[in-house]
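Consider the two complexes below, in which chain A is the common component and chain B and chain C are the respective partners.
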Partner chain A sequence: MAPTRTDRIGELDPAPPKFGLAEWIDQQTGKLFVLPAVIILLTFAIFPLLVSAYLSLTKFKLVAGGFDLRYVGLRNFKKLFFGSQQYHLLGTFDAFGPFEWAVFVTVIAAVVFWFWRFFTGGAFNVAGLVGRLISASLLVALTWLILATVFGGYPGSLVVTLFYVFVGVGVQFCIGLGLALLCGQAIRGRNAFRIIFFIPLMVTPVGIAYMFRMLADMQRGPLAYVWQWFGLGEFSWAADPWTARLVVLIGDTWQWVPFMFIVLLAAIENMPRDQLEAAKIDGAGGWQIFRDITWPSIAPVAATIVLIRLIEAFKIIDLPNVLTNGGPGIATESLTLHSFIAWRTQDLGGSAAVGYTLLFVSTITCVSFFNFIGQRTRKTEA
Partner chain B sequence: MAKPKTKRKLSALLLAGATSLAVSTPVLSAGEFDGVTVNVMTFTGPQIAEPLQRRAPDFEKATGAKINVITVPFSDLYSKLLTDWATGTNSIDAAVFAPQWAVDYVSPGFLEKLTGRVAADPDLKEDDIAPFFREFSQKYGGDTYMLTLDGDFQMVYYRSDIFKENGIAAPETWDDYIAAAKALHGKDMNGDGSPDYGSCISKKRGAQAYWAIYSIAGSFLQSQGTSQGAFFDTETMAPLVDNPGFGAALDVYTETTDFGPPDEINLDVGDTRGLFTSGRCALTIDWGDIGTLAIDPQSSSVADKVGSIMLPGSKRVLDRASGEMVDCDANSCPHAVNGVNRAPFAAFGGWSGGINAAADQKVKDAAYAFFSHMSQPEQSNADVTVGITGFNPYRLSQFADTKLWEEAGMSKAAAEDYLGAIQNSLNSPNMVLDLRIPQNQAYQQVVLDNAIARLLAGELDKAGTMAAIKEGWDELNEENGVDEQLEVYRATLGL
Partner chain C sequence: MRERSFFQRLFEPPSLTEMAPASKLLTYAILIGWTIVVLFPLYWVLITSFKLPFQVNDGPDFIPFIDYQPSGHAWRYIFVELGNDTLRPYLNSIIIALTSTVLAVIIGSLAAYALVRIQYNVKIGTIAGFIVLLGATVYSINRFGTPWHLTAAIALALFFFFATSFGRYFKRALKNNDILFWIISNRILPPVVAVLPIYLMFQRVGLLDTHVAMIATYMAVNLPIVVWLMRDFFAGIPIDLEESAEIDGASRIRIFATIVLPLARPGLAATFLLVLILAWNEYLLALFISTADAQTMPLLVAAQNATRGPQWWYMSVLIVIMIAPIVLMTILLQKHIARGLMVGAVKG
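So, the complex of A and B:
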């Protein structure tokens, strides 16, 4: 009988070495090298997260010699979702009309269809079901909230944040992609355009906010004469909730389009040229080339940068804080600004509760995007 | 001028013997505080911070103490101080802040008691400080914890030339205010050919705007004298914000927006002052600053065109027993003049200096010496006549002689008008005292400010605004203890 692999190893290997301190230290080296990073991570990421979680369950009060933390259970969350701060986080609700019902029923139908495909598609698993249930619950809840507050009611900081995130990132992606496709062409001076388009990303958000505040000042700003010429001299964008939100969105878009542009341009320039040339020789039009060659090639990169921007956009604070101070009323307050204002007024428990709400919403949104859209773009490319 | 070294030591010893160990001489002495740095925090100016920064180098030359003025946005000031002192960081040695916040700083022992120092400081001329500031703003629980640097009353200013041209009298009631604002809105008041505004009131959220609502509400809510109070029921601590009186004030407040600049809800007091002194507004509500800013030749186009009056009032007031509005008569408005109940609002109480009790002794001495130096008539009498300082008159001598003001560029008539309006407010038996209970910053700067901002943004109607303020104040009462808050509230009213 031929010797087995084990037999051969037994024949060749010398007797196992005696286990000593040097060997033990050698075995632990990897862990020791990793330890500083783990400690730093625990100290600066996990520990604050745990402390914030505890803070969100307490009432904070400064007293002589320090502070007092009184455990109040879920009272801070209750106040935000059902109590005196509901208007601030969720908004002021209005009854559904026919339009709101139509949209809501459509979303419910889409979710049901999505689950039906999942159950009948042959890829059913428990983890997938749980993930879909969480994502679907958030989608339905946010849809209800948007419909109940935007059309007739008054949106709170959660819906305003979603506006900045989804409308903002969507607009930024479209403009960034358009500019990248233009600069990907063999046009004169494209290097100059690339630099010009990239500049806004270098400016700090606070600088951008002050610049936009100055430019958008219709009575005293440098463009006041232009606004007055258009008959807008007596119009105050900051006094109207939606124009104020729009100005914040424009500032954010101005800042973040370059990020989209530069990454998408790199993706476009790295596309295989042979496919493009073959398509052109075969007489494919611009739209066909974009749909069948360009988009599948850049889709994974596009999904990644949208994901990165989604995570960033959820944390927007500088622009609404400087541009409008969250106003008029609380119209332009994002969740981060809401949390900051609560913190500034010594309501650390409330601030942490808002922060955790943001964490849950952004995490579920981004993980859902990654699983259900980001992964799919990779499969499409494959 | 520096004193001889021996004399300085002797006077210091005498004073030390005469007072407690913690009390030191306020007399400026060369080199007395060599090497001492005092970190003083106040809000981002230029008002209030400007005189501190301007006089700090002179004080350093005279005493050796370096005064480091740190400024933060107004909305952060209360919290920054509280956090710094409560956590034991103690990076701030002294501060210039709202005296009404002292209640939160004194109770835990963060503020140095100044009673002894003030008593041993003849240069301060404490008796010259108007009784309201000396006995109310500076003190808490009978002891002095702050030095007043600024006298604060909200008043109404109007363009006397424009009113005269249009045959309109200075407003006595809030209805008159609205009528005048309506009549003058859209007229060119500064000769630049473009229409100007009937009323400019700072309404920015997170700034110093929220006091204006009580400047209006005061006369509707309080008619029986100062001790009646305008914020809470003195028996139950129920907020006085869900009644027809407060509702009438909200009506006036929102209606003024119709005759204001388009972005009025985003204007801070600095912005409305700029608009008024550049001739763009017929009326405004403000502290004493407008009076002196109006005579600044660099920035004002309305010198001697400004009238100052005590806050207008109302001919109908809230009857607390029935919860209804009633006409003024001898019983309902015992302090009314010409049937108009007026209730001048001592808004804010005047920027005052307080010292961190945990600072080093030498630093505390230097901080006190600096505040005393700022408040002494030699400095104060000059500073209160300059608009940029943000300091308004608070010493009796500053009201007594108009020469001080005439030298600063005000006409005698304008000075008498301006000082008269402040004095009328100060002497009113129906003055509204600002809220001075624990966490008053949360009641006003958070709950009230937020609800008013939502009202102006159109998010809330009048009833919703009153309900939001009541809910927020009731919640704070519950959190802080209704009985405890009531006790302090009654004490501030002298009950």
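So, the complex of A and C:
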């Protein structure tokens, strides 16, 4: 941290510091610089967060001249997780087949192995144990949920959100990295590509949603002849849950690849050149160079942008709301959209409860990623 | 130099710094392929905005003047017949995005600068005491009906009494990094959790669907980003100039306004552009807080679906006028905007 002003001046100027009223006021105003930001965040983030927590425990009713809140305890959450709204948040379950059991057991085994490494690794501490327990239980619960709903059952908004987040971020990262690696080579027109590839990031998500609705139209869109060629002219992607989700994912990917691309390209361009040339002289292959030189030097940046994307991806609403209106049925509804729909039907308690579910899942996921994956890339760099 | 066969020339790089022709070709093919993926949707929206309804419904036409005769009917409808219904949201968007961005950049820069240059030492005990007294104040006003100014005055007096007398017994304190982390971590908070109480709050004070409410909310959600980016820019400014101004007797605010801000101009530009675009594109908060008077462009575009069914020609016009300024800005100022992203991401 930068030393305080008074310390520095003491070093430079041996004369005794002045103690006037004007100086004292100046000192205090300096301290007040951070106050507006803190007050705004308290008013618009922390206070609403607490009120939301209370709302999620109440039943909201409009009465003449205002509204009425009645405390109902955890009933809103109970309704979402076990009651009449379970299909909406979690989905409809299907019994496990052999495939589901195999995957589930593999995940459990991986978690057990991870804990075993932690206990025998010599770095045991209580905070680490609690953190790992929280992360592991969320992982196991979500794995069970995905396995129970995706194959056979019907996924609810939580699983759909996870699909957008993990599949989306994964695909965007891979495409972005690939383009950045190609563009980072000594080719002409690099700047033109950089500018063009950057554009989608800045386009309004609502606009993107309509754009892809037009493009994906099987009869009147630009690809109509292609669909007819495949005999799919009468097929409607909007009526099938997975194709609808896929179109949302494509729109999201179109928008967010540029972010990955532009930051990874900067990281690749900042790499030390000498190591790379030495490796080439030694006759290292492309894959070898990537694995041993490029990847270790861009891994910290990669971890950071994946974290930033994870944080933002959990908030997705514009695309599913406009592109498919959450449909068919609830097939493309994200958690934020689910919460909005509950709000629109005057179910404020349920809306807040869905919001809090999102808050817990996204916070635990992002913190886990930061602690258990993000930190590791930094260590390998050092 | 030995003679190389055709295939060798195709697949082997001629020198260490150059690429083999085959891999060069493949690279260009992929990059140009992605260029088409990026540009074609934008092109399609642009040409659709010049189509007549029957031209859209008859199936895909690709090239204006050859496949179909472009017409400005949709543009005329949006700008002349709808007139104010289009211009009002457009003006709202401009006012709200610009004002909230300017405010967020000013307040965020102040905080970021202070977190770089001034040591803070906020005792946890002080915060806890403040919260307890605040809770007690609210409770006693609601429960016992005590007059609010009297209660607040007593609580403030108690707070200062305790802070000065017992404050030094609390050792644990929040340092600059803790404050910074707290400010940035607000970004993890899903907006949908915060927006319900914000909605009720504005409803109580009668500010729903006004510019003030929109500007205040947008400013608040973008503040963490400003603090995060500007902190890195300020940290890169050498302290010497500020110190000499300090010795000359300049006040904190003067130093900040006349020395630090001019030096941080590139960073300010990058942050400003990035936040401006975020505010311009924002959808969820507008969905809750504005309904008619303060409606912004994203809402207008999204509402096309509900009111008139998919009338693509009109929609395309709206999308074009909404994204054209952003795309132009991106192309012209790409370097500055990307710098904002880079600082945030590369330094973590």
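The rule is short, and it goes like this: the second predicted complex is superposed on the first by the 340 of 382 C-alpha atoms of A that agree within 3 Å, B and C clash if a C-alpha of one lies under 4 Å from a C-alpha of the other, contacts with A are read in each partner's own complex, and residues count from 1 in each chain.
Rule of thumb we're sticking to: a contact is a pair of C-beta atoms (placed from the backbone, for glycine too) under 8 Å apart; a residue touches a chain by one contact, two chains touch by 3 or more.
The model shown is predicted, which means the values in this text are computed figures rather than measured ones.
Chemist: Mind telling me which of the two, chain B or chain C, contacts the most residues of chain A?
Modeler: C
Chemist: Please indicate which partner A:Ala95 is in contact with in the superposed arrangement: first for chain B, second for chain C, both, or neither.
Modeler: Touch partners of A:Ala95: none, neither chain B nor chain C.
Chemist: Which holds for A:Gln219: it touches chain B only (first), chain C only (second), both, or neither?
Modeler: both
Chemist: First (chain B), second (chain C), both or neither: which does A:Val63 touch?
Modeler: In the superposition, A:Val63 contacts chain B only.
Chemist: Which of the two partners, first being chain B and second being chain C, lies in contact with A:Tyr154: first, second, both, or neither?
Modeler: Touch status of A:Tyr154: first partner only.
Chemist: Quick one: classify A:Phe259 as touching chain B (first), chain C (second), both or neither.
Modeler: It touches chain C, and chain B stays clear.
Chemist: Taking the superposition as given, does A:Pro328 touch the first partner, chain B, the second, chain C, both, or neither?
Modeler: In the superposition, A:Pro328 touches chain B alone.
Chemist: Indicate the residue numbers of chain A shared between its chain B interface and its chain C interface, in ascending order.
Modeler: 67, 219, 325
Chemist: Enumerate the contact residues on chain A facing chain C in the complex.
Modeler: Touching chain C from chain A are residues 1-5, 8-9, 12-13, 26, 29-31, 33-34, 36-38, 40-41, 43-45, 47-49, 51-52, 55, 67, 178-179, 182-183, 185-187, 193-200, 202-215, 219-225, 254, 259, 262-263, 266-267, 270, 277, 280-281, 300-301, 304-305, 308, 311, 314-315, 317-318, 321-322, 325, 335-336, 339-340, 343, 348, 351-352, 354-356, 358-359, 362-363, 366.
Chemist: Tell me, which parts of chain C touch chain A in their complex?
Modeler: 16-19, 24, 27-28, 30-31, 34-35, 37-42, 44-45, 48, 56-60, 62, 107-108, 110-111, 113-120, 175-177, 179, 183, 186-198, 200-201, 216-217, 219-221, 223-224, 227, 239, 243, 246-247, 251-253, 256, 277, 280-281, 283-284, 287-288, 297-298, 301-302, 304-305, 310, 312, 315-316, 319, 322-323, 326-327, 329-331, 334, 337-338, 341-342, 344-346, 348
Chemist: Which residues of chain B touch chain A in their complex?
Modeler: Against chain A, chain B makes touches at 75-76, 79, 82-83, 86-88, 108-110, 204-206, 261-266, 441-442, 445-446, 450, 453-460, 468, 471-472, 475, 479.
Chemist: Within their complex, state which residues of chain A touch chain B.
Modeler: 59, 62-67, 84, 87, 92, 154, 218-219, 234-236, 238-239, 241, 324-331, 341, 344-346
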